[in-house]
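Pasting a structure below so you can have a look.
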Amino acid sequence: MTSGILLACGSLVSLTGALGGAALPRPWRVPVSATLIATACVVESVAAIDVLATGQTANWHSSQVLPLTGASLALTPLGAIFVVLVALVAVPAAIYWIGYAPHGMSARPTAGSFAVFITGLLIVPAAASVATFMFLWEMMALTSLALVLTDQGRREAARSAGVWYGVITHVGAAFILAAFLILAAHSGGQSFTALESHARALAPGVRATIFLLALVGFGSKAGVVPFHVWLPKAHPEAPSPVSALMSGAMVALGVYGIVLFGDVLLGGGPVWWWLIVLTLGAVSALFGSLHAANSTDLKKLLAYSTTDNIGLVLLALGASGLFSATGHARLGALSLVAALVLLVNHAMFKGALFLAAGSVQVATGTRDLDELGGLLRRMPQTGALFLVAAASICAMPPLNGFVGEWLLFQSLLHGVNLGNTAGDIAIPVAVAALALTAGLTIVAFVKATGVGFLGRPRSPGAEVALEVPLSMRMSTGLLVTMCVVAGVAPMVILPAVERAVRAALPGVGSAPLVHGVRLQLVSVRGVLAPTVLAVSLVVAVAVVVFARRALARRRVVRVTEVWGCGRELVTARMQYTATSFAEPVQRVFDDVLRPVRDIDVSHVAESRYVIESMSYRSHVNDQIENALYLPVIRAIRRWGQFARRLQPGSVHRYLAYGLVALVVTLVVVAVLG
Amino acid sequence: MNHSAYASLLGLGCAAIVLCAVVTLWRRSLRAIVRALAVQGVALALVALTLGLHGHNRGLEIVAVLVFVAKGVVVPTLITRVVRHDVASRETQPLVNVPASLVAAGVLIFLAFSASRSVSVLASSASGRLIPYGMAAMLIGFFALATRRKAVSQIVGLLLVDNGIALVAFLATAGVPLIVELGASLDVLLIVVVLQVLATQMRLRLGSLDLDQLAELHD
Amino acid sequence: MSLLTAWRTVRGTRRVSETLRQNPDAVAGPSEIVGSLQLRHVDAGSCNGCELEITSAFGPVYDTERFGARLVASPRHADGLIVTGPVTHNMVGPLRKTLEATPRPCVVIALGDCARDCGVFRGGYGVIGAVEDVIDVDVTIPGCPPDPTIIIQALRGLTRR
Amino acid sequence: MNTLLHTMGVAGASGLQVVLTGAGGLVLLGLMRKVRARLEGRVGAPILQPLRDVRKLMRKERLRPEFATWIFPLAPVILVATVGVAAVMTPLVTSRPALSSGADLFVVVYLLLLGSTIIALAGLDAGTAFGGMGSSRALTIGALAEPALLVTILALSISAHSSNFPVIIRATIVDPGVIISPARLFALAALLIVIVAECGRLPVDNPATHLELTMIHEAMILEYAGPDLALVTLGEAMRLALLLGVFVNLIVPWGIASSTSIAAIVLGMVVLCAKVATVACALSFAEVFMAKLRLFRLPELLAGAFVLALLGVVSGVVAK
C-alpha cells in the first residue's frame, strides 16, 4: 500500500516539475524542474524497489483523474524493473539538462514537455488499465514529439524528423489500441487483470491477431526493423538529454509492451509467434549494427546502434518464448533474464553515450565524426567516459555489456537441440547473428571513439573544444559508473531482474540462475565469475605496468612527431576518417547497403591529363526506407494530389457534393427499404 | 568391424562428401573444384564399402569399387582434360558471389537437415541418421548448377546432385540393386562424355566455356 | 597439382645460404643491440646499386638474418638506420626525421662510397654532402657498391654473432 | 594442509601456463620463422631470436607520438594482461587451472577480443594514415571472423552440454570418440581458419611484409617503439600460443595434467610443448606454399569457416 502512495506521490512531484518548468522565470526554471524530476524518479524507484523486494504489486486507483474510466495504476515486479530502468536514465538526464539547457533547451514549452515526458515514461509501466495505458502512452509520445521538434525553427532536418516520428509513432499507437480493443471486447473489462483472465480462453486466431498487432505497434516504438526509420532521424535531432531518454528508456518501453502482451496478458503463445520475434530481432540487430558501422554522424550511429541492441533484446525475447512454448520453462526464463539484463544495460551505456555525444556537440558544434578528432585531449573526462561506455556496448569484459551477451549466449547455447526443428535452425542462426552484430558493433564504436576522440582534430571546432560544465560530466559519469558496477557486480541488478521474470512467467518455479560472486545457471552448466574476472584483469594490468617499469632501462618518454615516412608535412587531413574507416565493411556488405558513390574529376583547361580537383562522395542510404516507405509516401502524395482536385474552393461544388450524398443515401434507403 | 568404428567411418565419409560439396562453391579454380569432386567420389566409395563390409553385402562392395573407378577416377580425369585446355580455368564471376554462395550453402544445409529430420529420426540405424548429409550435398549441387557460369562447373554441379542422391540411396536402403546403380552411373558417364564433346565444340566456336555467351547465339 | 610442384621445388632446394665461418671483429656499438639488430633502410639519394647489394645481403644466399639483423618497416621498430647514397637536398629533412623517429640507442650505418664521401656524385648540384655532414655516423661500409660479404661483416660486428 | 598444497599446485600450474604462453609463444614465433627459412633454403634466425628482440626492445627508449593520448601506452599493457588472464584460466598444462570454473570459451574469446580491440583503437591514436588503415582492416576481419568463432564454440559445446573449456576437455578425455566425430572435425577446421585470421598469419596477413599498403596488423603498431613494442610483440606471441594450445587440446587432449602433482604438471608441460610445436611447424610449412589473399577475398575464406562451423553444429545435432 505504501508503495502505491509513493507511486502517486512520485507522479505528482514530477508533474509539479512540469508546472515549475513552465511557470518559473528563466534562471530558476531548469534547476528547480530538474531537481523535482530527479526527486520524482527517486520516489518512484523507491516504490519500484519495494515492489521488487517484496514481490507484492502496488495498486493505486482514482476515479478523479481520468474522466469516464478513472486512472488505475498497478506496479507489478515486471513493471517495476522498467520504472527503475527509466529512473536510471532520467535522473542523469535531468542533471545533465542543467548544464545543457543554455544550448536550446530552456524555453518554457521545452522544459514543460521534458518533465511531462519523464512523468509519462515513469508511469507507463505501472498502468493497469487500457485507458490509463493509452493515455500515458500518448502523453509520452506527444511530449517526445514536441521535444524532437525543439530545434525545428533552425533546422529543416528536425522538422522532417518530427514528421517521420509523429506519423510512425501514431500509426504504432493505433495498432496498440486495436490490439487492446480486440482484447477488451472479448473480456468485458478494461483492467489488465480482466484482460489477462479472459485472454487465455480466446480462439488462437484472435490471440494471434492481437499479438501481431501489439508486435507491430510496440515494435515501431522499439525501433525494430522495418519500423526503425524514425530512430536515425529523430534521435539525432532531439536535444541530447531527450535522445538519451528516448533511446535508453522509451524504446525499452516498446519491449515492455511486447513482454506485456506476449507473456503476461496472452500468457505465451505458439512457436511461430516467437520465431517472428526472433527473426525480427536478428534482422534488426544485423541491420542496425551494419548501419551503425557505416554512419558518420555520431548521434545517428548511436541511433542505429539502438536498433541493433533492441534487436538483440528481441532475439533473447524470441528465444525465451520459443523455449517456453516447447516446454523448457527454465531456459525460457533464463532467456528472458538475458533480455531484461540486455535492456537495463542498454539504458545505462546508451544513455551515457548519448549524453557524451551531446557534450561533444555542445563543445564542438558538430556531430559529424569526419570533423571531430583529438577530443580526448581537449575534453579528457567526457572522452574517457565515452570510451568506457563504448567498451561496455562492445561487450568488453568486465563491463555490463559483457554480462548481458554472456547470458544471451548461454541461453542460446543450451537451447540447441531441444527437438524442435524450427528452433534447431533458429538458434544457430541466432548465435551467428549475435556474433556478427557483436563484431560490427566493435567496428562502429572503435570508429566512433578512435575517429572522434583520438588522433588529431579535423576541424577548427574540434581544435578549440573545451570541457563541458560539471553537471553534464557528472551525469554521464553516473551512468558510466553504473555500467562498471553492473558489469563487475551483476548481482546488484540480477535479483531484481529475476524477480520480474518470475512474476512475468509464473510457471517457472525456481530461479533460473544463482547469483553470488559467481553467476551460476541452474539446471544447465554455465558459470561466470565477473568480479573475479575484473579483479584478475586489474591485477594483471598492474603486474604488466610494473614489469614494464621495472625492466625498462630508460624511464624518460620522448615525445616525437608522428612517423609519416619522413614527410615534411604531416597534417590532420592525412588521417583515416570515419568514412574511410568504414569502407572495407561497406565494400564487403555492398549488396546489402548499396552505397551511392560519386567521383567528380575536373581537369585543368589546358590538358585533360592534369587534374585540377577531385571530389569523392559516398553515402549509404537506408534501403528499407527506400524500398518500403518511399513508395507509400509517393502513393499518399498522389492521392493527395487527387484529393486536391476535389477541393477547388467553389461553393457550388461543395453544395453539389452534399446533394449527391443526399441522393445516394436516399437511393440506398429506397433500394434496401 | 566393430560398431563404433563403423559409425565413425560412415560419419566421416558423409562429412567428407558434404565438405567437398562446400569446397566446390568455395574455390574458384576449376581444377580445385574437379579435385574436390574426385575426393567426393572416393568418399562415396568409402561409404559404400563401409556399408557393404558391415552388412556383409557383396553387391554393395562391388558397387563401391565401381563408384571408386567411375566417380573417383574416370569422370574427374575426363573433366580435367576439358579444364586443361581451357585457358581461363577459373570460375571468375559466378552469378552469386562466393561469400553469398557459402552463406546460401549454410542455409541449404540447415534446410536439408531439418527437412530430413523426420526421416532420419525414424531411421534409428547409424546409417539412417546420416541421410541429411546426402540431401545437403544434393541441394548444394543444385545451387552450383543454378549459379555457376562455366560449363565445367555445371557438370560438377550435376555430379554433386548425383552423388548426393547416391548417398541417400546407400544410406536409406543400405544398397540400391547393383543394376540400378550401374545404370545410373552409366547415365552419368554418358552425360559427361556428351558434355565434354559439347564443351570442346563450345571452345572451338566461342573460345571459352562461359555459358552466358550461349545467350548471344540467337542471331 | 601446383602444390605438388611447389613442394618438389622446395625439396629440390637444399640449403642455399653460404657458410660464413670467419668471425668478425667487434665494432663498438651500444650493448643493447648485441644479438638483435633491426634496421630501417633510408635511401638518401642512391643510384640503387647499394640497394641491390643490401637486398642480396638479406636474401637467401647471404642470409644476414641468421646473425640477428633484420630489415623492418618503421624506424620506430628499428635500432639503426642504413643510409645509402649521398644526401640530396630533398632527403635532408626526411633523413633527420627518420633519425628522430628512431628510439635510442640507434646506430647509423653509412653504406657505400657515396654515403661515406659522396663518391662519384661529389659536387653534384643536388647533393648536400655525405651522410656524416647531416647526421652522426657510427659505422661506415666502404665500396661502390659494397660486396654483401662486407655488409655482413659490418653487421656481424654490431650484433657480435 | 592438503588443500593448501592443492591450491599451491593449481596456482603454480596456472603461473606456469602464463610463463609458457609468454616465453613459449616467443620461441614458437622463432620456431615458425626457422621452419619457413629452412624450407626457403635459408639458415634463418636462431629460434630464440624473438626472445632476444623482446629483451632488447625492453631496454630501449620509450617514444610517444606527439598527438597520442594515454590510450597509446595503455593498449599494449591491456593486450598482455588480457591474454595473461586468459592463459591463467584456460586448461593448457592442467585440466583444472585457477579460475577454471569460469573459464568459459566465450570468456576467453572476449578477453582476447578486448586485447585486439584496444590495439585497434591505439592504431587510431597517433593520427596517422597507416594506423587507421590497419585498424580498419583488422576490425573488419575480426567482425567477419566473429560469427565463425562463436558458432564454432557452439559446435564444440554441444557434445559436452557446456561451453566451459575444462568441462569440454574432460568430456573429450572420457569419450575420445568425439574427436573424430564430424562435428568436432568441422569445428576444428573452422577454428583453425579463425586462428589464422585472428593471429594475422598467411593467407590473411603477411607478418613479414615491409610494404605499408599491404599491412594489416603491422600497420596498426607502426608507431610503437621500445618497451611498448616489446609488449605488443609479446602479447601477439602469447595469443598465438594460447590459441594453438586451445586447438591442440581439442584435438589431442591426452597428456594434460589432471592432478596437481609436480610430475603430472611437468608431463603436461612437455606434452603441450610438443603438441603445439608440431602444429606450429605444420602451419608454418603450409604457409610457405601460400600467398596472401587480397583483402576483399577474405570474406570468402571467413564465410567458408562459418559454413564449416555451421556444419559442425548440425552434425553435432544429428549425432545425438
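Order of writing sets the chain letters: A, B, C and D. Residues in each chain are counted from 1.
Note that in this section a contact is a pair of C-beta atoms (placed from the backbone, for glycine too) under 8 Å apart; a residue touches a chain by one contact, two chains touch by 3 or more.
All values derive from a computational prediction rather than experimental measurement.
Both chain A and chain C are touched by D. Using mean Cα coordinates as chain centres, the one most removed from chain A is C.
Two chain pairs, A-B and C-D, are weighed by contacting C-beta pairs, with C-D ahead. Annotation: 48 Å between the Cα-based centres of chain A and chain B. One simple way to say how far apart two chains are is to compare their mean CA positions; for chain C and chain D this gives 33 Å. Centroids built from CA atoms put chain D at 36 Å from chain A.
Averaged C-alpha coordinates put the centre of chain B at 56 Å from the centre of chain C. With touch defined as above, residues shared between interfaces to two or more other chains in chain A number as follows: 424, 428, 554, 558, 560-561, 563, 565, 588.
Shown for chain C are the residues in touch with two or more other chains, namely 74, 76, 101, 103-104. For chain B, residues that reach two or more other chains under the stated contact definition are 99, 110, 113.
Applying the touch definition to every pair of chains gives A-B, A-C, A-D, B-D, C-D.
Of all the residues in chain D, the ones that touch chain B in their complex are 177, 180-182, 185-186, 299-300, 302-304, 306-308, 310-311, 314-315, 317-319.
By the touch criterion given at the top, residues 421-422, 424-425, 428-429, 588, 591 of chain A touch chain B in their complex.
Those residues of chain A that touch chain D in the complex are listed here as 293, 373-374, 376-377, 383, 387, 391, 394-397, 402, 405-406, 409-410, 412-414, 416-417, 424, 428, 431-436, 438-440, 442-443, 446-447, 449-451, 454-456, 518, 524-529, 532-533, 536-537, 540-541, 543-545, 548, 551-554, 556-565, 570, 572, 574-576, 580-585, 587-588.
Interface residues of chain B facing chain D in the complex, by the touch rule stated above, are 4, 8, 11-12, 14-15, 18-19, 22, 26, 98-99, 102-103, 105-106, 109-110, 113, 120, 129-130, 132. For chain C in complex with chain A, the residues that touch the partner chain are 42, 74-76, 93-95, 97-98, 100-101, 103-104.
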